[in-house]
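In the two complexes below, chain A is the common chain; its partner is chain B in one and chain C in the other.
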Partner chain A sequence: MKAAKFDYARPRDLAEATKLLAQGNGAAKALAGGQSLGPMLNLRLARPGLLVDISRLEELKAVSDGGDHWRIGAGVTHSRLEDAAGRMPGAEMICLVAAGIAYRSVRNRGTIGGSLAHADPAADWPLALAALGATVEIAGPKGKRRVAAQALMSGAFTTALDDAELIAGVTVPKLSAKARWGYYKFCIKPGEFPEASAAVVFDSARNAARVFIGALDGPPVALSGIAVAVAASGALPGAAEIDAAVARAAPSLDAVDRRLHAAVLSRALQQAVAP
Partner chain B sequence: MKQIALTVNGRKVEAAVEPRTHLADFLREHLRLTGTHLGCEHGVCGACTIEIGGAPARSCIAFAVGCDGLEIRTIEGFDDDAVMAELREAFSAEHALQCGYCTPGMLIAARDIVARLPDADDKRIRLELAGNLCRCTGYLGIVNAIKRVLADRRKGVAAAKPATPLVSMPFVSFKSTNAASSALAAAAVPAAMETPKGGWTEMAESFTVHKPPAEVWRAFADLPMVASCLPGAELDEHDALNVNGRMRVKLGPIAASFAGAATMERDGAGMRGTIKGAGSDGGTGSRTRGEVEYALGLAPGGETRVSVTIRYSLQGPLAQFSRSGVARDLARRLIGQFAANLDAKLDPARAGASVGATQGLDVGALIWAWIREKFARLLGRPQS
Partner chain C sequence: MDAQNIAGEGIGARVRRKEDARHLRGRGSFVSDMVLPGQSEVAFLRSPVAHGRIRRVVKPKGHESAIYLRADLEGAKAIVTPLTIPGYKPSEHHPLAHEKVRFVGEPIALCVGATRAEAEDLAERIELEIDELPALVDAHAARANAEVRVHDHWSDNLFLTLNFENGFAAGSAGADIVVKREVNLSRQAMVPMEGKAVLAHWDERADQLVVHSSTQVPHIIRVGLAQFLGLGEGQIRIVSPDVGGGFGYKCVLQPEELCVAWLAIRHRRPFRYIEDRREHLVAGANARQHHYRITAYADRAGRLKAVDAEISIDGGAYSAWPFTVGLEPGQATGNLPGPYDFRGYRCKTHCVATNKPGFLPYRGVARTGVCFAMELVIDAVARAAGREPWQVRHDNLVPATAMPYDNVTRKHYDSGDYPKSLLTAKEKIGFDAWRERQKRGEADGRRIGIGFATYCEQSAHGVGVFSAWGLPMIPGYDNATVRVTPDGGLELSAGVHSHGQGMETTLAQIAHQVLGVELGKIRVVLGDTALTPFSTGTYASRSIVMAGGAVANACKTLAPRLAAIGAHLMQCAVNTVRVENGQVAGPLRAVAFRDIAEAFYMRPERLPPDVDPGGLEATVAFKPKVDTGAFSYASHAAVVAVNTALGQVEILDYVIVADCGTQVNPMVVEGQTLGGAAQGLGTALYEETPYDANGQPLASTFADYMLPGANEVPAIRIFHTQTPSPYTEYGIKGMGEGGAIAPPAVIFNAVNDALKDLGVEVSETPLTPRRLLTAIAAAEARREGTKP
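Take a look at the complex of A and B:
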């Protein structure tokens, strides 16, 4: 399968990229690592008139230590974050999540910003960054704005980005030494999108209790009741309690999927509360 | 055509390429480097794995034009590579190939494992190989070949120290006043049911319009008005019960425009109706047939409860995406948008309030939902 015809531009900087996207009037599409867009182009499901290749923009590739947070450029690949394990204190969960995305040859090209902008409901970053309380930095013709990671995605493959906007980077608060977290996903085959996923973060130093489940119909959903309960007790809730919370959070799941999501959430919580 | 200059196996190459030409086609057709094999051509099978800038990547989903200025290394470029020489020997000794189709990609993935993970065990090797499919060997020979090279290279090297287990702090209980919560779309719109029946997908939804049933019923007869409430819909021509028109669908990078016709039946006594239609999208070559049944009922406060049952079937490339949770999510948001727009049309005073009732749906995003279950599962696509 070969992609349909498109035009191609490689802007020199972010400003030129957003300008090209604005001029495209909806027919232009940003290309980052291309690991999701590439297959869609080859299958001819996506037929943009113009691809704006942002994969070489150096200004999107920085990872910097902001003291109480890490700032990760949108163009940073999953494999760079995977290989940063042990060198990004407070971002241990980020490195672990990155290492579990697809396959190494995909991680070498796919980017954190691309994954967020693509907004696949089953993808790792929308879930993990929501649980971490990250902030997404968006660049557009009118300048930059910031959106909470959990508010970026409004539905399957749909985000708060408009046609001329790009994700510039994400800011992730550092986990304190007291923080406990868990991340679990169930995939039929390693590297595929999960059937169910969950991310939990408890950081008493930041008073943060964040429990999210993913791989749903739409964006990841927060389970605040479970979060507050586990923060207070430090213990795994009962199976019935987890099941009921999942049912409330995602009422359209059938019985099998609900059990699957409940089991996956239970395992993520177990990682966080385990001694 | 775009002019590119890149380095392939140490050799400078200049060429004019179509932007849509992927790197594997460029290597095979322009440079005659046919060692790079094409299997699935959508980034799943790993047969086309090569190195871009020194790191393994899939050449079927990289475009040649995007590799301008980069260094490419294909299987032909490893003749003098020491690790690859050992892997070739080991693949031969361990019967790690049969038909050989996956082998170039396997070798490049294997070399990456040897270089990156000197202590990889059986389980890790299998995990790392998950992105390269082999239909002959059952992987045993490939795993053994990589293990053999790793073991040979470890000889004479002091055994690696086992990783120190991470010391983790005990869970400190705390009273959280900062628990993340999200506005649940499900709280605003009742749960949908979705049941596939003989190739047809069915879903049920309902919504409330803040006007009495008689008024909503009259409004439903006004086809241009109804169409204007449906994001992406355009009427070309219509009479009382027949319409020709188009429905634009935009979901992330996927865009389709279905052109077709629909007929309506209206039962005024029961305040219920049926819309049957069919259409096709020239771009993706997909065809669809669908049926919408709706019924109006009295809701508390004299408002109108609209119950909708949607049945549809889809053929062609987009069909890979039907019967889906994603479709359900989209249909739900589309109906939410429709209901909000209808409310605003019937009562301009509600225009402000109804926008907020769309659960954050970007009004500019035109949504219609014939999209896949899980892209990866049905297409076997890897995740990015």
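Take a look at the complex of A and C:
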């Protein structure tokens, strides 16, 4: 279980990083925290010709207050966001989600951008950031572009990034004081990838009502019917309604998985609507 | 914990382990830590398919000399394990695949590189053509299928079938209650922290093959390598350094050991192989997979009259040397009746060959399975009788007054009070209060359940038991050497090994008990065939009884020799002196071992003329007076909260009441109990290697293979009683495996108790959310009458 041969480069800045990726012609891969890529290299499931190590790029490590939003650099580790609890008003959900990712040792190295780019369907950030209505900032040889977090993942382990592009950062709208949100995932044991997950955000001040379920075959799926209904009523929908909504949103789930996803969504909604 | 305030350092003292100092500082020495000059690393090309005929293996051009196939290993024989049980079919296990591959992960080629990565590079450049054959993945299907065979020259896929019957017809007649159940345990790996590891070189000076191997049984590996490589035993030295967990995985001769040893003989330089985690999870999924159809016959009150069982064990592809694949069915058939008193028993056990890694004896050997089956059935009988499971269990346990007790499979239970252990567990878990709370219900909607399981554990069994199974190796006498060093300290050596059991400490405590030398001056040497007397090694919860007994015997042999010299030095009669506290005490004064040793080694003019020429060193063997086993026993009790929406089980409390006779070091006993229980909880709730229809293992990394961690193991409360064995030195019983036996049974009984009102009864390990939710949904469907 040792990696196959690869070349290694450590660019000085983002521009050089995207240039190296472009030169790699699809055979280059960016390395950030390495918490997923590392094992995949060792298992020889990932076999890049060139590893572009972006883990020391200072320009990816900033967290800044943008007034109505927070901007989080792609290279910010989960543990930094976890430890920022209480110091990022309007981003309480971000801090809570960060604290629940894997184990502390993984959080110390794993990054928010790396997790988004890796696009594991069971990961926390694609789900949470979709529910928060975040925007992903992408850097490439031709400059920067922005994509809704919800649209970044196109399938399991595939994204809208092209070979030479990197995630530079994430912009997350601040939640208002009136916002209600919930985040629940069910793991066989804490720290493992979940069997089912759900994120819900209701913020009437921002006209936001988003309900997503994750840990599916592909990207997180929005349940807009439930979102609209809960935003209007402020009450928890009935079990049958939740079950039916999950079945519509993820028709390939078998009975057991549907039951589990419904139970998990129900818990996330409960957190949001609880008095 | 029981108060154990025994002062001093002898038997019963809670002294800290000698081995902790190096392990806590990361200064242990494992095979992976060892580097010899000129060492090469080995990687194996392993079979990507479960069953197939090898058509062609092509080595990459220019690298032919760094790659070895079966035909290249001249002089290395296939591992064949005979067994005298009629009908048993031995397998031929070649060190590298020969003609066929029989499980995913079977080694096909051995590749040598300067680094492991380079060796792996070579492995992936080998061209491999295999004609795939249908994979035999399910033991029932494999038993029914004589067309496709794991071993072509067999007539079917059965390693063996055992039949046992004693008093069944009489016992089962006229039973008021007849309860039938189907019980299943999934396949799993043992997952020691350190996997297989072997470093072999040729020592020119000693003219010896020296093999450093992570093994529980160094002397047996020497026997095996000599036999299968055609060397004299004297030409081989096995050194087993620090070992990161054995659990049975390392009590057999491994094909990888054979391969690496062969390389060292051929090239006369060092080669090393370190198993990685994926190799372990894929090629080491070799434990626990049993299936039971079990019927219990009882009277109206649930008092058992007879048990009937058909057991199917998925033996995998090969029979391991020396314990054979027959050990598991033998133990299952013989131990299913457990701690219970009934007189009618019939059992048929099939051990089936399939396209999976060959079955190995894992901590608890078969007893985790039989305890699971028997304890689930006891609870089912109790439900049928409308009584509390603990009551029915209690009424069926062998009473203390019946000890020693010969059970229905003619096992001889030496001592113990089984009912008392159950009653103590019931009291310690706070049974009545939990039943009250269960009736009230939980505010969060979860359901509370209380479960019990009681077992007895044969330990340190010897000649009679193993020769009845017909194994190629029968443990009998175990040896230990004790030497008084010139400064009056002790050096102990024994052929057993220690890989977490704390034997460096507990053997020293036994020597201290006899001779009184302070622990700090007692060194214990284990794990090296050149430095220790022969032993079949560490397995079957035997080492503290066997090596401990041998250490005691050797110390007792030295005591009169020390007394004779001491008396002479004091110029008093030998019958007036006592050996104690590391000295010989006479009527007026005492003389320290140091002075006695100095006289013997350096100042012989001080010795009596008739001094024993055996000197201050003795190698003495030990075997218990009755060697059918010292039976430890325990009752486990657990309270769980079951979330029926998520299929989640939380353990709210867990109590173990155990008795392993005299405890040499209660802290070591507790550590062993706790570690075993953690593994048992893994079997109960997490660990599983599922296979697809083609025999591909679906859990090849820790992303898919779940182990219990610190979050999952509750704060287990351990209580010990001490009922000495009448047959062993100091009444010690072995206890290394026990903790791993009962957890699946106790957890499932607790969950079934919690879900009784829903009509849910689970009986397949591990209890994943999916299994639990499936069972709940099935019960709902039954209630609604939507399904028959």
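To be clear about the criterion, the second predicted complex is superposed on the first by the 275 of 275 C-alpha atoms of A that agree within 3 Å, B and C clash if a C-alpha of one lies under 4 Å from a C-alpha of the other, contacts with A are read in each partner's own complex, and residues count from 1 in each chain.
Operating definition for what follows: a contact is a pair of C-beta atoms (placed from the backbone, for glycine too) under 8 Å apart; a residue touches a chain by one contact, two chains touch by 3 or more.
Predicted model only: the values in this text are computed from it and were never measured.
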Touched chain A residues, chain B compared with chain C: B
Partner chain in contact with A:A255 - chain B first, chain C second, else both or neither: second
Touched partner set for A:M1, first chain B, second chain C, both or neither: both
Partner chain(s) touched by A:P39 [first = chain B, second = chain C, both, neither]: both
Which of chain B and chain C A:I242 touches, first, second, both or neither: neither
Touching partner for A:L81 - first (chain B), second (chain C), both, neither: neither
Touching partner for A:L51 - first (chain B), second (chain C), both, neither: first
Partner chain in contact with A:V264 - chain B first, chain C second, else both or neither: second
First, second, both or neither for A:P190, with chain B first and chain C second: both
Chain B versus chain C as contact partner of A:G114, first or second or both or neither: first
Set intersection of chain A contacts, chain C complex versus chain B complex: 1-5, 39, 43-44, 188-193, 195
List of chain C residues in touch with chain A within their complex: 115-117, 120-121, 124, 276-279, 645-648, 686, 701, 703, 706, 708-709, 711-712, 768-770, 773-774, 777
In the complex with chain A, residue positions of chain B that touch it: 2, 18-20, 22, 25, 41-44, 46, 49, 52, 55-58, 60-63, 65-66, 68, 109, 112, 116, 127-128, 130-132, 168-182, 184-186, 191-192, 194, 251-255, 283-284, 317-318, 321, 325-326, 328-330, 332-333, 359-362, 364-365, 367, 371, 374-377, 379-384
Chain A residues touching chain B - in the complex, by the definition given at the top: 1-8, 10, 29, 31, 33-48, 51, 53, 55, 79, 101-106, 108-110, 114-115, 118-124, 130-131, 133, 150-151, 154-158, 160, 162-163, 177-178, 180, 188-193, 195, 202, 204, 206-212, 215-222, 224, 227-228, 231-234, 249-252, 272-273, 275
Of all residues in chain A, those that touch chain C in their complex: 1-5, 39, 43-44, 186, 188-193, 195, 255-256, 259-260, 263-264, 266
